[in-house]
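Okay, so here's the structure we're looking at.
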Amino acid sequence: MAEKTIEIKDLVVEYRTRSGVVQALNGLSLSIEKGKTLGLVGETGAGKTTAGLAVLGLIPSPPGVIVSGEILLNGKDLRALTDKEMDQIRGDAVAMIFQDPMTSLNPVMTVGDQIAEAIKIHEGLNHGDALKKAEEMLEMVGIPRERAKEYPHQFSGGMKQRVVIAIALSCTPGLLIADEPTTALDVTIQAQVLEMMKGLKEKYEMSMLMITHDLGIVAEICDEVSVVYAGRVVEHGTLADVFDNTRHPYTEGLFNSLPNIENQAEKLKPIRGLMPDPTDLPLGCPFYPRCDHAMEICRTKKPPKVYRNETHFVECHLYNEQNIGDKEEKWR
Amino acid sequence: GCSTKNPAPSDGETVGAQNEESGGEKKDTLTVALTSEPPSLTTCDHDSIVGVYMNLLTYNGLMRVDHETLEVVPDLAESYTVENETEWTFVLKDGIKFHDGSDCTAQDVAASIEWAKTFPGSANYTRNIKTIEAVDDKTVKIVTEVPYAGLPADLAYHYNFIVPEELIESGHDFNSEPVGTGPYKFVSWQYGDSLNFVGFEEYFDAERKASIPNLVFKIIPEGTSRTIALEAGEVDFVYDVPSADVERLKSDEKFEVKEITSVENFFLGINLEKEPFNDVNVRQAINYGINREDVIAAALNGYGASNYTAIAMGYEGDTDAGAAVYDLDKAKEYLDKWGGDPSSIVLPIICSNETKVAVATVIQSNLSKLGIQVEVVSTDTATYFADWEAGNYTGLISSWSPSNSLTYVQRYHSDRALTYPGSLKDEEVDKMVRDAESTIDDTERIGKIKTIVETVNGLAPQISLYQPLMFRAYSADLGGVTASATGYVGFNDMYWK
Amino acid sequence: MIKFIIRRLLSLIPVILGVTFFVFMVMQLAPGDAAKLLLGEGATQEQVEELREEMGLNDPVIVQYVRYMVNFCKGDLGTSYATKRPVADEVFSRFPYTFNLSIVAGIVSILLAIPLGILAAVKQNTFFDNISMVISLVGVSMPIFWLALLLVLAFSLNLGWFPVQGADGWKSYVLPAISLGFMNMASIARTTRSSMLETVRQDYIRTARAKGVPKRDAIVKHAFENALIPTITVCGIQLGQLLGGSVLTETVFAWPGIGRLMVQSISSRDVPMVLGCMVVMTVCFSVVNLLVDLLYAFVDPRIKAMYS
Amino acid sequence: MSNSSSPLLEVKNLKKYFKTPKGMLHAVDDVSFTIDRGRTLGVVGESGCGKSTTGRAILRIVEPTEGEILFDGEDIRSLGKDQMRRMRTRMQIIFQDPFSSLNPRKTVSETIAEPLKLNGIITDKGKRMERVAEIMEIVGLAERLYNAYPHELDGGRRQRIGIARALALNPQFIVCDEPVSALDVSIQAQILNLMDELQEKMGLTYMFITHDLSVVHYFADDIAVMYLGRLIEKAPAKELFRNPVHPYTQALLSAIPVPSIHNQRKRILLKGEITSPVDPKPGCRFASRCPYASSRCHSEEPQLKEIAPGHFNACFLNE
Amino acid sequence: MGNTSSDLSKKYKKVSPVREVMSLLVRNKAAMAGLIFLILLVGVSLSADLLFDYESQVVEQNISERLQWPSAEHLFGTDEYGRDLLARVVHGSRLSLSVSFVSVLASLIIGGILGAVSGYYGGLLDEIIMRITDIFLAIPMTLLAMVIVAALGASTTNLIISLSLSAVPTFARIVRSSVLTVREVEYIEAAGAIGAKDGTIIFSHILPNCIGPIIVQTTLRVAAMISNTAGLSFLGLGVQAPAPEWGALLSAGRNYIRDYSYLTFIPGLAIMLTILALNLLGDGLRDALDPRLK
């Protein structure tokens, strides 16, 4: 088996708020092999960001609490590390890009300084050298180095996101967590940024956790996909597994909800209803209230993992080892 | 802590406990807490007690009031004679020098009083002077309009203090630099903060020459702060001690507290033009209905002497014959005599400071027993005076401390109606006042004044309330503190023990 | 930037015009005749009338105002009714005292309040946080003159550390500055705390943490400057309060400043003096606000960009 | 009522400029198009290109700077305030953000009832309530949400309220300003279906603003592409997707990520981003990013021309 | 978010926003303490007449009992006129609260209308209103109040007038800026699109949504007013004697601060606690009304 950059096992995270305990992650597991990209797909509130923050040890606390689970970075348990040791890891071994480029940069600090900061911390360079390196990073993400002296407000959204990416990449992390890095951008800009990320990832041989709700982006840059629903991975596999051999009704529903440029005629087939209240999850399968195939057992019992092949599994009562391979492959 | 030799001690080091002199060296500075900033140092340009304090330091008049006896005695004048009923001759003392080194002559005197006449504010004290001329260097002749006994007292008033003729002519600004003949020379004035004076070496009256060379006045408007400043040793002399602090200061042996019954008479002034206060019965009802003891207890912490008469007690000619006393039954009788409904009487009283408010509050409480309704209206000084002058008031609390009894009864004369509440439009009284004014002979005049007081006592044009006890609190090391019932303080008489 | 400053300074002109006009008009409502006040009691009606004519008091108010402003532009603020000295002299001789006191109080309160607020925010919900916020609340709640009196009793009288009154030497600044600045300190500390709490929730703090900046540095380097922006606003407002509060403090401490001059002038209906004091206070306050705005530009490049 | 074969909406040379400290912002610059009855015009373009402003200008929520807007043959811009208010019962708008487009202090029913009340359509309170319940049912809002506040609801439901509010007046024409872009895909599909149904049932005409090409592709009959305040290409949806002519449209289409691992398209990557619409330079506004730009493009403004029936394009390349 | 059965029970019943804010407020101990204190205070001040007779216990002097330290008979002691301090403080609460509430209310209404109009219509009107408020804001509030009281003469009414006037610009500013924020929000456009008139938009859509910062500011302003009134009383420009306004009590007691410290301490504490309570409540409301914390 290939070396795993990150491995999350049965992670349970709760936000203990005034209005109840939000069960953000309910035994989420995932792993990424070195150099690979995993797409984490799911609706709003599924717990995608929480998973990313958990790896960095940045879940806001209070109210966030990691209840149980393991987070192994290159085999090392991150949860056992002290604050200081985590500081060493953040930005160096693991870096994260956040969703909103507009608010992710400190408005009163030049972008050069913001990039240089990470370099100074992790590579021990002095300010001048760090700044020089920061300028190089800027150029690498396609921004003229002169603009290092400017402030974030002088940059457009796409450029800001590039700066955020430059920060994340400045210390060549082994794992890059990208939390919806292009959602806030226009399509043409999104294409530019994605293209750039793809190139950089290859250049640095990084592993990447791509958090997104856009299956199009997943198709474009991921190697594997995990579909998250209510804090659990309900289906996981390689792109081919998930896109062509969709098993879970939820994943199916996601695909059917998408207006597809290629074949227009069909009417959209949306998933009924809404995500369940995260403070009050159903007993059994969390997707059961919205599922067209719901059975009695779904209401009461959590579905087990059922593997279709080595890489592909679903958590759904519809399937067992016997019937899971039955469905035909279909082309999308 | 120690004193400064520097004549202008405002340089920044005079903080801390100065009065803890440990033997040897004598202090050469006296620091006095002043209640407010003098409006002006020009003699004829103000009528404020603080201003008068300052003027008394740097100036002299021909006459002065003796602090202890309250008699008017010659000051710059060696003596004076009354040639006939309207002609007075004053002869100056020898060796009087102004602060600028020049001699003070009869010409200066004449010029000063002529100058004073040009100031409208001084009218009450100069209008009886018809002419004034210097007969020679030492002699001044004054002619009055009518026989006028009040002249010496008027000349003792600060309006008529003497300044150099030369400077008057050159348009000198006496406000920013007073030049006179007084025991102290003006040094500096830090607006809002302090005034500094230094003893005048060539003062003409050797006996009354300043003994403490440096005199500093600190302006401290808050009563409590003044007391604390005294206790903390930042000032040596406080002339207006809040009554609440008196007991404590008295029991502290570091301080002396001098207690003087003032001739300043506090009274409830009533607008006699207004219904129903134009009726003597109503006024008398009020007069009998106010318990002066209560007023004194509440407003003065008991430090005062009640007064039911029409004049400040303590002057020659005062009498309580025919005066009211606190007597509710009598008050009700008067109300009955008047015949109206007491509850229809509304008496707003305007007050310009806290003490007056306190007084009015007691009156309010007292008169409510008669069914008379009192409203206490506190205003700032300017509004107070403006309303007063405009006759735009019904009642007000005011006080007055003229230098002699004649001046006091003059206020009942009807031509002072504008200025004083309580001016009676009573021909009888007018005639009596004019008669007394023109009686030069002291004894005779005082007899006449007594009659006036007796008459007015029964008319209650103004309702006297009390004469406060005044407290001067000062460092126990300070000697020579005189207690004048007029309220004046002779700083030049003081010395460090 | 220069252009901005000039524009702001120019915009002071209508403000000063407005303030003087308003105060001028309001003071007209006040009872009391300036001429009579000037002449004192005993003046005859003719004398009063003559002076009114001479002073132009018989002209329509607007004419009087215009005349005032014309002289004002020549640097002549008129003559005090009470002291008969030129208002400008008096006001400017007093102004430094108030200015110094306000500056000392302002600076001290800011220097104390900001670290206090930050510490409280960083140690949110700890004992330190609670106690410093209680102190701040007390500061906001305590009437200034009461605090001043208590301070005097405690530190001047009982301990003898500081003078009771007056304005000589640094020691005399201590108590007035505390009593004047306490309230400001409290408000500033509270604002700093809440804006700190606000900023540490921002995304860019998370970004900073994600690149490995330790918590403390993230707060000091990233949150602080951003949190400063609302704090600056409050400091600006508080300086206005300082000027207002100086009226009370100066009275208790016999401070020869402009606040007390104003109280005095108001009660003696000294209109030119009141106007003079108001103008000086207003200009001072406006200049402070201008500085505050410039400070914004200094702290926040976005605002700087707007000005240039 | 004019003849039903004429277009419902006709926009001619619409301009909307905003005065800003930096200069005149040309948000919408000389845009003309028509929408036929019962059809949907999709308007696409990048952020800031003036899509919303166009929609708002048509309803006169912002006052157009210049141009003519004929609604059902009537010149809207000549209407007075009251006439315009009456006209608004026939044209409505649905906003992008289901959070900010609902008054948080009004309950669901209040929000939906308000247009009925304000326009005096149903004055009787009881009847109005009944009608509100009816509309709620139409848009798929459960009756129990009658007195719920928006913040208690999720985005999908909120968007339904927005739709209900617009429908309450029985309008003929609705400007839909990115009504689904804030929603999750599954919810987005629910709403799109709903809007589709409503169009069929009520014969509505839509102007559908979005930046998501796959959505318009699914939803619109005609598509107009905007760039920096200008309309650069307009064609029937199928035609546009099959045969995009303008270089920008081509790039835009190629940039859409396709949720499929088989037919990934060849990307045309554009350089840079949309520039500032403040005092734009003469010439084609896309020229600075256009891979085919010639010197002519930098000096002369290409005009919208019909290159095939119903297919309009503003580019010199295809002339 | 969830569709629990409790939603059904709410059918046709509106949850009032007040209830909602209260439910959030209840969790904030400090704010609740403040609120309870204020409720008690308002209760006491409303029942002041039942507790103590104004004429005989608040105004009527009893010189023989002056300056008595707190005792069983006089819980707060007596003042220099022998009046029961408790009675005066209780009646004073009514005066102090009503002066500050009324002036805040007045300035809120005037400032609110000015601010709303100015923010909503913008343009020249806005410019004019804002320039005028600039002028007033350039004068420190205490001074402004001082000048006005001095000019109009010291009385309760004039005090209220001057306090309100001095706070109008602040409120105009606050309301304007909230209106500007809210104005840009799409539901305002939506209201226009469904044919709402300006008045409806301002009063039914904009103002209710600005209410949060306004309420917070109002509580904090009331606190500032109490403190301002006390300051004016200290300068002799406050409420007229014998009305027992707290600032006046505190200011009158200052002469006795050395020997009868309760005379300042009690009214001082009353002022302080009230301001404190208002601040706590204001802070709590700020949190409760903050949509981010919902």
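Just a few scattered comments:
Order as written gives the chain letters A, B, C, D and E; numbering starts at 1 within each chain.
Definition applied: a residue touches a chain if its C-beta (ideal position, glycine included) is under 8 Å from a C-beta of that chain, and two chains touch if they have at least 3 such contacts.
Predicted model only: the values in this text are computed from it and were never measured.
Shared contact partners of chain B and chain E are C.
Interface comparison, A-D versus D-E: the higher count of C-beta contacts falls to A-D. Each chain gets a centre from the mean of its Cα atoms; for chain A and chain B, those two points are 90 Å apart.
Chain centres here are Cα averages; for chain B and chain C they lie 39 Å apart. Centre-to-centre, using mean CA coordinates, chain B is 88 Å away from chain D.
Centroids of chain C and chain E (each the mean of its C-alpha atoms) stand 23 Å apart. Annotation for chain C: residues touching 2 or more other chains are 30-31, 149, 153, 251, 266-267.
Looking at chain E, residues 1, 150, 153, 236, 254, 257-258 sit in touch with two or more other chains. In chain A, the residues that reach two or more other chains under the touch definition are 274. The part of chain B that touches chain C in the complex is made up of residues 10-17, 36-37, 39-40, 42, 45-47, 119-124, 175-176, 190-194, 218-222, 224-225, 228-229, 231-232, 234, 380-383, 385-387, 389-390, 392, 419.
Listed in rising order, the residues of chain D touching chain A in the complex are 46-47, 154-156, 184-190, 192-193, 196, 211-215, 217-219, 238, 241, 251-252, 254-264, 267, 269-270, 273-274. Every residue of chain A that touches chain D in the complex is listed here, in rising order: 43-44, 156-159, 186-192, 194-195, 213-220, 239-240, 243-244, 253-262, 264, 267-272, 274, 331-332. Only residues 223-224, 227, 242, 244-245, 247-248, 293-294, 297-298, 301, 353-354, 357-358, 360-362, 364-365, 368, 375-380, 383 of chain B touch chain E when the two sit together in their complex.
Residues 56, 59, 61, 85-86, 88-89, 92-93, 95-97, 100-105, 107, 114-115, 118-119, 142-149, 151-154, 162, 165, 168-169 of chain D are the ones touching chain E in the complex.
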